[in-house]
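The same chain A turns up in both complexes below, where it pairs with chain B and then with chain C.
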Partner chain A sequence: MGLTYQSTGRSTTREIFNVPNAGSELVIALAGNPNTGKSTVFNALTGLRQHTGNWPGKTVLRAEGSFIHGGRRYTLIDLPGTYSLHANSVEEEVARDFLCFANPDATVVVADGTCLERNLNLALQVMEITDNVIVCVNLIDEARRKKMHINIQKLSKALGVPVVPTAARSGEGLSELMDTISDVALGRVMPKPVLVRYSDEMEKAIAQMEPKVREIIGTHINTRWVALRLIDGDTKLVQAMERYYKEQNPKQADLEVLA
Partner chain B sequence: MNSEAAVGNLLEEAKGIIGDQQAGIRDGIVKSIYDTSENITKDVVSYTSVHRVDWDRKIDNIITSPIWGFPIMFGLLAVVFWITIAGANYPSEFLATQLFWVQGRLTELFLALSAPEWLHGFLVLGVYTALAWVVSVMLPPMAIFFPLFTLLEDAGYLPRVAFNLDRFFKKAGAHGKQALTMSMGFGCNAAGVIACRIIESPRERLIATLTNTFVPCNGRFPTIIALASLFIAGSVSVTLGSFIATLGVAGLVVFGIAVTLFVSWLLSKTLLKGEPSSFTLELPPYRKPQVGQVLVRSVIDRTIFVLSRAVVIAAPAGGLVWIMANTTIGDSTILAAAANWLDPFAGLMGLDGFILMAFILGLPANEIVFPILIMSYVSGGTLVQMESLADLRHLLIDQHGWTWLTGLCTVIFALCHWPCGTTLFTIQREQKNWRWTLLAAIIPASIGVIICITITTLARALNLV
Partner chain C sequence: MNKSTPLNRLGNGCCALVTELNAQGLTRRRLLDLGLVPGTKVEVIRRSPLGDPIAFNIRGAIIAFRKEEAEKVLVVQVS
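Up next is the complex of A and B:
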C-alpha cells in the first residue's frame, strides 16, 4: 500500500513543527493581525514559561510558552502577526502551514476591538481552516473609551465560535479566555464556524472540487478550504503539502520497519 | 496511489473547472471575505455617542478616491513646492549677499597678510566659494521644504499616496509597497533602497531598488527648485514666475513617477519576469501633526544632516575645481580641457561640457552638482565677482548661453542620472551583486541621456531654440 495523507496521522505532522504530539499536551495557536496586543495576550497567559526561537527552516521569530489550567498543561504557539492567510509573505505562509498541518487543539484569534472589521478578515480565514476557533476581542478598554459598544453575544452567534472580550494589559477577561480555551480544546464546546459564502460560481466550483480533494487527501485537512485554495491557483499550498508529505514519509517508513 | 502527484493534478483540475475566470478569482475571494466582515461589524458594533462621525473614513474616501485622489495629490505637491519656491527666493538672496560680503573681507585679510596667491585661490576662491554656494542655494529651499514634507508625513498622508499609486504599480508588474519605498526616496535614495526590504519577493524588491533613483531626493530637490525658480521665475513677472516654476517642479516629480512606472513595467516584462503579489496596506489614523516636533526633527535630522553632508563633500570638491581651473596643461586648463572633451556629447543632450562634468564630479553627493557647476563657470572664465542671485542668472544665461532647453535638460538629467555614491554603495550592500549595482547606475543614466537627446533633437529640428 502506498502512503497517503490519510495513512499518516496528525501526530507525525506536528513533529515537523516541534510541538508536542497529541495526547501528551494540548496545543493552542495564537493568531492575529499585527498591533492587536497579541503578544500582550501571549505574555499574560504564559507568564515566564516561554521561550523563543525560529520557525523550522524560516527566519521568522517564533515564541512558544505554556500555562496550566484545571490541572492540564497547554502549549501556546504565538503565530506571526498577519493580515491574511493567503501566503503573500513568509509570515503568512508560516501561520497558514501551522494551522493547516499541525492541527492545533484550539486557535485563538486575537482581534483589535477598536477596528474589528479589519481583524475579522483574518478570523474568517482561520475559521475556514479549522473549526476550533476562539475569537478574543482585545483592547476592549480602548474600545470603551472610544465610546464603542461591541455586542459579544451577537458577534459569537454571527461567527459561530466563542468570543471573549479582553483587555490583556490589565488582565481583564483572561481567566474567561483560559476557560474557553480549555472548553474548546477538550471538546466540551464544539464551535460551528459560520463560513464566508462566496459567489455562486465559486461555490459551485468548490462543490465540484471538494469530493475530489477528499478522495485524495482525506478529511485530515479541511477539504472545503483546500478546494478553495486550489481554485485560487495556490501553488504554494500544493508545494507545502508535498513538502510535509515528504517529510513525514521517512518517519512513517521507519515505523513500518519497526512494526 | 501516489498522492504527491495527485495534489498537483487537483490543481490542474481546479484550473479546468474555473477556466478563464482565473484572473478575477483572488479579488473575488478577498471581496467576499471583506464584505462578510463589514456586515458582521455593522451588526455588532454600535456607538454610544450619537454625534460621532468617522472623519478618517470620510477624508479617506475623498483622498483615496479614484477621481479625486490624483488631483489632490498633485495639488498638495504643488502647494508645497510653491511655498518652497516663493519662500526660498528672499532668504537665498540675503544669504548670498552676506556670504559673499564675507568673501570680500576674507580676500582683504589674505592680502593684508600677504599670503601667497595660490593659497588665497585654493581656500577662498575654491573651498569658501563652494561652501557659500552650497549654503545659499541649498539651505533656504531645504529649510522650507523639509518641514512641509514632514508635516504631510506626520499627518498620515504618505500611506494614502501609496494607496493611490498601488494599482498603477500592480499594472506595471511591481509591488504596491514600491509606492512607499518611493516616498522614502524623496527623503534619500539610499534610505529608499534600504526600505525596499519591506518587499518580500526578491524580484519586486529588485525592481523597486533599481527604480528608486527616479524620485528626486533631498540632495537633488534644492538643485531642481533653485534652477526652476532661477530660470523660469526670473524670466517673467514674479507672481506668474513662481507659479510656473511650481508647476514645473510638480510636473517633474510626476514625470519621475511616470518614468518609475515605465521602467518597472519594462523590467518586469524583460529581465525580471513575474506576477505582482498582493498585500494589505494599513492606513493609519490621521493625526494632528506635532508642529514643534516636526520643526525640530526636520531641521535637525534632515536639513542639518543633508547640509553638513553637502558641506563636507563640497569643500574638497571646491578646492579640486579651483585647482583644475588654474592648472594648465599645454595651452588650456585641466577644467577647460575636460569640459571641451565632454562638450560634443553634452551638446547632443542639450547641456554643455561643464554641466556634464559637474554631474560626474557630483557622484559622491548630488547636493554639490549645482555649486560645482557655478564654481567651474566662475573660475573657468574671467573671474567675475558674484554677489547675488541676479548675477547667477546673468552668469548662466548671458555668459554661458543657457536657453530654456539647457535648463530643462539639466533638470531632467538631475532627475534621471546615476544615483549618488552612497546609494550605489547601499544597493551593493543590499543586493550583494555588482551586476545589479552597475545596472542601477546604467538604467537611469541611459534613460536620462535618451530623453535629453530626444528633446534636444526635436527642439532643434523644430527651430524652437
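Up next is the complex of A and C:
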C-alpha cells in the first residue's frame, strides 16, 4: 500500500504550499473580505512593507512574513481578499486551498468594523473549515468615528471564537491580537465555533455523507465542510483535493463517485 | 405592493429591497456571497458613462454589476 496522507499528514501538504512544517514554526493565515485592511494588519504585525492599496485584487497571490512573540516565530500568510470560500475566482481558490489543505495553526479573519454584517459571512465559512479562528474587528477607529459601538464580548460569545478589536493603521489592539494568536496557535485557548445549522433535510444529508467522506479522506480536512461542499455540487473542490492528494491517497478517485 | 423589477432598471439614487434572485449555479452563489439575499436593501450609486456597469451600495460596500448580473436580481423599490 502506498503512503496514505494520514501517515504523511499535514507536513506533506504544507510542503506544497512552501510553509514551515508543524512543530518548528507556527503558521497563521490572514483572511478577510476585500478592503478590510488585511495587508495593513499584516504589515503592522510583521514590520514588512507589503504593498497596501485600495483596489480590488491587490493581493492575488499570498504574501508571507513573520513575527516573533514570546520567543516563538510565527509565519504569517496574507491571503487575497474574498467574500466567500466557495471558489468562483482565482483569489477565492487560493484562499480556500490554503485554509483547507495547509491547515494553519490559527486563522485570523480580518473584518471591517464599519460593516460587520457583510464580513461575518466569510467568518462563518472559515469557522466551518477550522476551529482555530480569531476574528479581528479592524478599522475600529473608523467605526468609532461613525458613532458605531461594537459589543466585542457579545460578538465573541455568539461566534464562539475570540474577537479582537484593532485599528491596524495606528497600531491599536495589535499586541492583544498577537497574544490571542499565540493563545490559539499554542492551544492555550480552544475556540468552539458556533456553526450554522442547516435545514433538517440538509443536516440529514450531511450526517449520511460525513462517515463516507471520513472513510476516504480521513480527518485531515473538516469532513462536515467537505460533505457540505459535495452536496452543493462543488466540483472544483474535488479537483483541488485530487491535485493535492494525488500521490498520497490512491483512494481519492472515489470522491468523484460521491460527488 | 409594487411589482418586482430587475435591479438594472432603477434610476440613480433609488433604493430597493431584493425579492428574488433569478439566477442559478455559480452566478447565484456569487450574488448570495455578496450579500444579496431576499430583503437586502440596495441603493443605486451611479452608472458608468455608457450605462453599464452600474455601482450599488450593498450592505456597506460599493459593488458594480454588469447588466447580465444586475438583471437577475429582482427588487421592489422603496422610497
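In the analysis below, the second predicted complex is superposed on the first by the 230 of 259 C-alpha atoms of A that agree within 3 Å, B and C clash if a C-alpha of one lies under 4 Å from a C-alpha of the other, contacts with A are read in each partner's own complex, and residues count from 1 in each chain.
Note that a residue touches a chain if its C-beta (ideal position, glycine included) is under 8 Å from a C-beta of that chain, and two chains touch if they have at least 3 such contacts.
The structure displayed is predicted, hence computed values, not measured ones.
Superposition of the two structures on chain A leads chain B and chain C into a clash. Of the two partner chains, chain B is the only one touched by A:I217; chain C is not.
Looking at the shared chain after the overlay, A:T180 reaches neither chain B nor chain C. In the superposed pair of complexes, A:L155 makes contact with chain B only, with no contact to chain C. By the touch criterion defined above, A:N132 reaches neither chain B nor chain C. Set side by side, chain B and chain C differ in how many residues of chain A they touch, and the one touching more is B.
Shared-chain residue A:N121: touches chain B and chain C both. In the overlay built on chain A, none of the stretches 275-283, 383-391 or 419-427 of chain B clash with chain C except 275-283. Residues 83-84, 86, 88, 117-118, 121 of chain A lie at the contact with chain B in one complex and at the contact with chain C in the other. Contact residues of chain B toward chain A in the complex are 1-4, 6-8, 10-11, 13-15, 17-18, 21-22, 25-26, 28-30, 32-34, 36-38, 40-41, 43-49, 52, 200, 277-280, 282. Chain A contributes residues 2-5, 83-84, 86, 88-90, 116-118, 120-121, 124-125, 147-152, 154-155, 158-159, 196-199, 201-202, 205, 208-209, 212-213, 216-217, 227-228, 230-233, 235, 238, 241-242, 245-246 to its touches with chain B in the complex.
By the touch criterion stated above, chain A contacts chain C in their complex at residues 33, 35, 83-84, 86, 88, 112, 114-115, 117-118, 121.
Chain contact summary for the complex, chain C toward chain A: residues 26, 29-30, 33-35, 58-61.
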